[in-house]
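Read through the structures below before going on.
Okay, so subunit A shows up in both of these, paired with subunit B first and subunit C after.
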Partner chain A sequence: MHDDPRTNLLLSLADDELILGHRHSEWTGWAPHIEEDLAFSSIAQDEMAHARLLYELVGGDLDTLALGRKPEEYRNAVLCERPNGDWGYSVARQYLYDTADAVRLDALARSSWKEVADIVGVIRLEEKYHVDHAEAWFRRLATGLMEARQRFADGLSRALSDAVALFEPLPGEDELVKDGVLPESNEDLLARWLEQLGAALEEVSLDYVFEHHGPRGGEMVPTSSGEIEAESDELEVPGIVRRDGRWVHEGGFGGAGGRHGRHSEDFEPLWEEMTKLYRDHPGASW
Partner chain B sequence: MKHVDELHAVELQVWEALARVRDPEIPPISITDLGIVERVSVTDSSVDVDLLPTFAGCPALDVIRKDVLGSVGEVAGNRQAAVRFVYSPPWTSDRITPAGREALRSYGLTPPSGSGPVFVPLAGLERRESGATCPFCGSDDTVLESAFGPTLCRSTHFCRACRNPFEAFKPKLQG
Partner chain C sequence: MLVWDVLGKRTEKDELVVVGGVKAPDADMALLLARETHFRHKEGVEYAVRRRGDDQIHVGRDRGDLLGGVTDHSYRRQQAYTGVGAKLKRVASAVADQGLRIDSPRPPTGRAAKPHEPAAG
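Right after this comes the complex of A and B.
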């Protein structure tokens, strides 16, 4: 359906914002305290507005684009569709997403496609507040009491390989880079983000989440024949290795597929709910 | 020359009409003092107004568009009036005029801080010194409660001097 590389770029950016915005909005009324109800609700409202600006550049009816596509036509990264889980996961995901998004937006602000550069100029000014929110929680949980720190680290571990796949190469990316529409390749953007992320995690001694990924060794899990020790076989984020004291990406992705419309089992229930009104009442306005 | 004068006169009337349009979420401030009117263009057959959204997700935008069409329509004569939201340059909070800052204050809303290309980071988890002056007692002894508030453009604060909670218009600046 969307073979044009430029449309693919817009849809991947817009769908990330729409779908993660939808997840953020699920905290409305349920966050740990009222300031966080407001924070996640406001961030959701921003993200959906950013999606709208990008959909407007795609052209056509906005509701049809946002709500009228089949699940396999959405281009968001799998990270954005994962359920909120606990607070540790939600905040870890928001941190990973918004720091990665900032790297991508810094590049797109220099896009040769003027309309994209203009919109990104507006989006960046608003995203600063999201990054600030995520960093404040990062400091609070990473340097907090043992349970806070552990649950945040668990959240990072669970989200990390999906987050790396935010930089999965786009279909037709070579052309976008050649034309300066995407001033840097996703591989280069990923390298820059990993450098920043690695430094931030090392500062609070949480960089072990790069290696210690998946179930913790020694954790007991129930089975039909009683509790057994969990296998801790997946001990690294796919594609990420440490070289010369730095975390680098050497190819391959764990939670990839989103940019090609291949989603996880978590996407369809979200899509069902998000598009229900649109599908049940075609043409309804609100 | 007479023709140019006439178009210029209409353009002035359009600016006056725009100055009568209020921000529906902050009624004391006009959209001209808010600094969102980027361009007015008048021809024999049209009046075009370009507006800059303050925050992209502001739900007041549709109301503002309608109000602008109504107000400009009164002075446009037979000309076709149109409103467009544009994104270049991005709206920044230093576009608010001195009169606009006073209007915010009169509404109990602290005007945005920062006068240069400085971004004031906001997040209430650590109750930072907020840099916002209390709109009620004028004290600077205030803390930030949250970077988020009842609308996208507001943060929430607490004044340690007069012990009132208050809101501020968020700074949105380049750099």
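Right after this comes the complex of A and C.
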């Protein structure tokens, strides 16, 4: 476990990129058409290149950092480790992640830690491609045929609570903000992202996903008449509410824990596959 | 889906020429997919798309050094067997210092081919 807040920050950023890059790469050969095979693969490899740049700043052997840690030592957000699901979910996740990342990188470009600011300046040049891609798909699915729009909306619903936890406060964050390493707190960044996201979803009448997100399905509960009824499957959003015409975050995070090494049941199978070659042949070179 | 010709300019001195094609529903998506499929390995400095059969060209926003990304993706370039001959010479020279040879004659092909026999010694 790393106690240094700066190392935690770098690992959070780098692990997000590495793990999501791995998930994106799983679409290679399986995307809806060949152009998207290439586009998603390019995005995946960009993410891994960004992870590498950030790991270089952590110091130590890059392969060990990327592939040699135990599952609880990774600091990625849970959103990144979720399985790809269908194309609607994957595009929704890419949209949520890359728009959130753009907000995060915009702040870090002003970091008092010059090396981080310099790396972020390079990363942003490529992340712009990712946002272009995500926004293009957003427009087409959100305004497209009924099935496409529904699948995209379902994807947004499933990904949203995990996405909010991209901004889960980091261990030692107060120190990072005080030193200007993190020019804005994660709570402030989240507020900015929610405002942009809310506006984008309202424009295509998909803002209802803020109210209806989370896993579908309700509980069977007894009523006063003695019958068993299903609860409504419209779940309240854990932490996102509308105040004064804006979507804001209040309270906890649905998909939290990643920044502290607490991952979902989806992480370990991913870790097993991603690190198998490294663990079977430690120290090998190619 | 519509078919779009992808045009590229390798260097600033070149003209835009057809380098491939993509399928896309509209010009914006065609430009995005053209960039991702044809220009991510630094293949050119400018790109455009043209709906097949049309004259109108839609020029991409990204140009020059920024086109194709900025982090090191040299490992993605398909180099096939480039450099294998030189490497063979270096290795042959290195093993020759140990009294070994790896430059046995090429086996016959076609009708002259026989079942493989292990090298003598």
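Here are some notes:
Here is the rule we go by: the second predicted complex is superposed on the first by the 265 of 286 C-alpha atoms of A that agree within 3 Å, B and C clash if a C-alpha of one lies under 4 Å from a C-alpha of the other, contacts with A are read in each partner's own complex, and residues count from 1 in each chain.
Everything below uses one rule, namely that contacts are C-beta pairs under 8 Å (C-beta built on N, C-alpha and C of every residue); 3 or more make two chains touch, one makes a residue touch a chain.
Everything numeric in this text was worked out from a predicted model, so none of it was measured.
Partners subunit B and subunit C, once the complexes are superposed on subunit A, run into each other and clash. Of the two partner chains placed by superposition, subunit B and subunit C are both touched by A:L38.
In the superposition on chain A, A:E147 contacts neither subunit B nor subunit C.
Using the contact criterion defined above for the overlaid structures, shared-chain residue A:D174 touches neither subunit B nor subunit C, since it reaches no partner. Annotation for subunit A, partner touching more residues between subunit B and subunit C: B. Legend: residue contacts after superposition of the two complexes on their common chain; A:L53 is shown touching both subunit B and subunit C. In the superposed model, A:D118 makes contact with subunit B only, not with subunit C.
Subunit C is struck by only one stretch of subunit B after the chain A overlay, and of the options 37-45, 55-63 or 73-81 that stretch is 55-63. The contact surfaces that subunit B and subunit C form on subunit A in the two complexes overlap at residues 35, 38-39, 42, 45-46, 49-50, 53, 122-123, 125-126, 129, 132-133, 136, 140.
On the side of subunit B, the complex with subunit A involves touching residues 53, 55-58, 87-92, 119, 121-126, 145-150, 152, 156, 170, 172-174.
The touching residues of subunit C, counted against subunit A in their complex, run 22-25, 28-29, 32-33, 35-37, 40, 66, 69-73, 76.
Of all the residues in subunit A, the ones that touch subunit B in their complex are 35, 38-39, 41-43, 45-46, 48-50, 52-53, 114, 118-119, 121-123, 125-126, 128-129, 132-133, 135-137, 139-140. Interface of subunit A with subunit C (complex): residues 33-36, 38-39, 42, 45-46, 49-50, 53, 122-123, 125-126, 129, 132-133, 136, 140.
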